[in-house]
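Dropping the structure in here first, questions after.
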Amino acid sequence: MKAKVGFLGLGIMGGAMAANILRAGYPLMVHNRTAAKSEPLAEMGAGVASDPRHLAQATEIIIAMLTGPEALDACLWGPEGAAAAFNEKKTFINMSSVSPRYTREMAARLALTGAAFIDAPVSGTKKPAQEGSLVILAGGPREKIQELEPLLLTMGKKVIYCGGVGQGSMMKMFINLLLGIMMAGFAECLNFGRLGGLDFEAMLDTVASGAMNAPMFQVKAANLREQSYPAAFPFKHLSKDAKFVVDTAYESGAPVPLGQMLLHLYRLGVARGWGDEDISAIAKVMEHLSGK
Amino acid sequence: MKAKVGFLGLGIMGGAMAANILRAGYPLMVHNRTAAKSEPLAEMGAGVASDPRHLAQATEIIIAMLTGPEALDACLWGPEGAAAAFNEKKTFINMSSVSPRYTREMAARLALTGAAFIDAPVSGTKKPAQEGSLVILAGGPREKIQELEPLLLTMGKKVIYCGGVGQGSMMKMFINLLLGIMMAGFAECLNFGRLGGLDFEAMLDTVASGAMNAPMFQVKAANLREQSYPAAFPFKHLSKDAKFVVDTAYESGAPVPLGQMLLHLYRLGVARGWGDEDISAIAKVMEHLSGK
Amino acid sequence: MKAKVGFLGLGIMGGAMAANILRAGYPLMVHNRTAAKSEPLAEMGAGVASDPRHLAQATEIIIAMLTGPEALDACLWGPEGAAAAFNEKKTFINMSSVSPRYTREMAARLALTGAAFIDAPVSGTKKPAQEGSLVILAGGPREKIQELEPLLLTMGKKVIYCGGVGQGSMMKMFINLLLGIMMAGFAECLNFGRLGGLDFEAMLDTVASGAMNAPMFQVKAANLREQSYPAAFPFKHLSKDAKFVVDTAYESGAPVPLGQMLLHLYRLGVARGWGDEDISAIAKVMEHLSGK
Amino acid sequence: MKAKVGFLGLGIMGGAMAANILRAGYPLMVHNRTAAKSEPLAEMGAGVASDPRHLAQATEIIIAMLTGPEALDACLWGPEGAAAAFNEKKTFINMSSVSPRYTREMAARLALTGAAFIDAPVSGTKKPAQEGSLVILAGGPREKIQELEPLLLTMGKKVIYCGGVGQGSMMKMFINLLLGIMMAGFAECLNFGRLGGLDFEAMLDTVASGAMNAPMFQVKAANLREQSYPAAFPFKHLSKDAKFVVDTAYESGAPVPLGQMLLHLYRLGVARGWGDEDISAIAKVMEHLSGK
């Protein structure tokens, strides 16, 4: 018999992930601060909890997919927070993107409740979330992660074991740093080519024909072609991730010259008011800097 | 009946490309400054010219795949240079990597001879050269490029039309800028992850599972794993290309913040004596900067 | 009659500053974690408190010149911390370098005690501290700062009013950012000139003869000439300040491209183990990067 | 008896410098492409040559203060160019700002004429040019420079011997790199402080009171205060100098991370159309980047 699952946070990502858990046959209870977002899942058969604590009391495995530390703090330790209902029979999986440092602090605090804790942020955005093809970056006790794998694989195509608690978040930063550099690099190169008189489609064709071709370039090129940047991965989130990277690198002593430039460039876009667009709007930063 | 082809420059790339032309049935004459490099092609049936001028006199289409402007200048306008044998019945295809500016200067000078001129650098390194699967970035009159396509496709899988003369070189810079940013970014991310306690294979697995996966990462990861960097694309050449990019961007007004950082990082490696290793040796620069 | 002053922290800076207060005729009580550092001041006539709390009980104006947030937290809120003895008759002046954010958090916490609070970090290092010629960057209520000016001027030649509490720290970051950029720029230029064949003294002469001449260049040039970097301002502290700048800029939206490069360069030096040398040891980073 | 001097180029700098030579009692002949600029000097008693060649024929020491390589090439080797009148009795002093590489090429070409050649660019802008207080950065044979010192000191307060021909230009790049970094750093710091709530005058006061104080900050602060940037040193010239620096550093292997950032920042301003304003207009770039 499948474990009862509670899901906190039903945004673009969380809503799609919770639906996939439900479709896989797990008894599911959900909660979202804005109650209306629970309705589609209720119609699919999920229970709806009035607050995080009731959700935690009624389930065994509690998953959070929230916007950041503030939302997590509120859901766990705020009024009617979930943590007060945690005990050694409960497992908490944080899939929200937060820094490794915050994750380790959260782990220390949760240890007092006796609940098992896994950090499991994801690589992938809206579409993989809907298709259940996310890559799940899991940190925590290896045997616990193996035990949870069937549940995790309802949301993703793969679980990558990243190390102890906090290392899932570390891996998330690693991959988002690469994502950010590739996105900004792609935009810089296309703008450089444009000002050098190259045709946009010919440039894409050259990228697609060679060893640098990555799936993301096809997807993001569509945004650039249409000059329309609906958020699959919000610009301001990558700006925040770049800051996490710089903070973490400062502590570990890792040189991140390209990462620092990334932070600079994404901050320029946030300053121009483009924070809610897609990360591919970095193309607008490049064009803006060139003044033409 | 196929046109007679002359091939100047039989290095790692040129030797493999010339062999593919010969295999496709073109009558071929070759020349290389170091004569010994002509022998394998002579054994395959190619004629060997004693100097560039004799090669140009005896053929209709002359292709150059040389190391840079100095070698090109010597082959074209030096003693027994090819240009003196050019006329309106000859076609010259430069496949060497040079800057758009140099290409346009060369075009102006060659115009006096009456010969047709195409610039057609390639995307791809040793292996695609051997397999005839290069991507050929062609600039020049469109109808002339179409006419030459069968010949070009003996060396490559695809010809991309990039615009007038010089735009092949421009496209080459575009794609090498992207290559350089991705390579340096990959190295920076892996070093950042290493110092953050992540496992090398888990990081590669994360890259390979997501939208950032590009064929080059698989190939270059092998070098990093073995800490061995045999040159498929020499480090110093990418350093030179990064300088071309900065020069060209200065003229066109394109902002290239990541490209400038690339130049800085690759110059550091050249300063350490790693210029003849592969571009993936940028991993050593990152480790070196981190001091551990 | 002069107010009774308590001084916490008798390092290179604090020891010299406390001595100047004493020389100006203020009744002074001191405390330092390592008790031996109190001896010179005791010999000059200062009282010695066994812990911060006794010091705060026995004095009206309490000054801290400590190494950072951890030391401040310990001195204020640790066992026998000073804050427990604060009330509306006490004034606390923090002259230690900390971030504006930490200063504002400290202010909020101290507000509960009723004590007045001024943040007053200094511009200047060892020598100006000894000579009483520091520049004092004061944040807090303007009339309170005016009232304290005679005391502050025993340590410095000038008090600059910077705004409300936290703005003294903000000004300190402003001036240390300029200091860092000028120091790193000076080192970069001298290394650039060296590799271009210029004579060290001729370069200094050129700087000294023109509009770029600043007193710091004379002082720091001596270190570079001797290749000896005894810490007047420790390298690792500037690295920490650069991180404060990047953090603050992230919050305010200020672009700090040179500041980010500064952070990168100083981190490289810390990674090489030069954190305890003077900030002028950035010259070693430049030479090291150039590989010769 | 004083040598006859010819002066080519009567712009803001050249006009003031030529006037100082004349005031010192040297027989002077001048030439400027736009003839009207010769008039003030003619009124002061200078002869006016119809072209560079006549000027060179009629004088012994020929000085050029032109806008760059193109103007120099035209004046020396164009129609009625000066070089055709050079011989072993003539001395040519180039005071225009050009790259060391161009200077060395010019030297090689001039060697054929037998004329002595000195490169002597200046540190200082409009006002020092008028007051005769420039710093003259001289490269060439040391005894020749000593011989010319009385003449040079009519224009400047000091002659600094920089090494062989080309090293005057190298020193000029060294000092302009420092100038550029300090100017951009000053602007970055002031913008950082502004967004952090600091008062402009309080920031200036802090700079002026400490070891970072340099004369240029007082002068340039006036522009920033008035938000008016009349060119004492044109923005586009510093952009050009930054490119020289990056080019020279590429050849010598010097790391110039701050110099590269400088090039990037100044190029942004040129792209916005601010090339003809003063270098202090970099403040507008910083404000523009911050979007507020």
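As written, the chain order gives the labels A, B, C and D, with residue 1 at the start of each chain.
To be clear about the criterion, a contact is a pair of C-beta atoms (placed from the backbone, for glycine too) under 8 Å apart; a residue touches a chain by one contact, two chains touch by 3 or more.
Here the structure is a predicted model, which is why all the values come from computation and not from measurement.
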Listed chain pair C-D, B-D or A-D that repeats interface A-B [over half of contact pairs the same by residue number]: C-D
Taking each chain's C-alpha mean as its centre, the one farthest from chain B: C
Centre-of-Cα separation between chain C and chain A, whole angstrom: 40
Whole-Å gap separating chain B and chain C, where each centre is the average of the chain's CA atoms: 54
Multi-chain contact sites of chain B, meaning residues that touch two or more partners: 249, 253, 255-257, 261, 264, 268, 271, 289-292
Chain C-touching residues of chain D, taken from the complex the two chains share: 100, 123-124, 135, 137, 157-158, 160-163, 167, 170-171, 173-175, 177-179, 181-182, 184-186, 188-189, 191-193, 195-199, 202-203, 205-207, 209-216, 219, 245, 248-249, 252-259, 261, 264-265, 286, 289-292
Partner chain A, residues of chain D touching it in the complex: 268, 271-273, 289-292
In the complex, chain D residues that touch chain B: 243, 246-247, 249-250, 253, 255-257, 260-261, 263-264, 267-268, 270-271
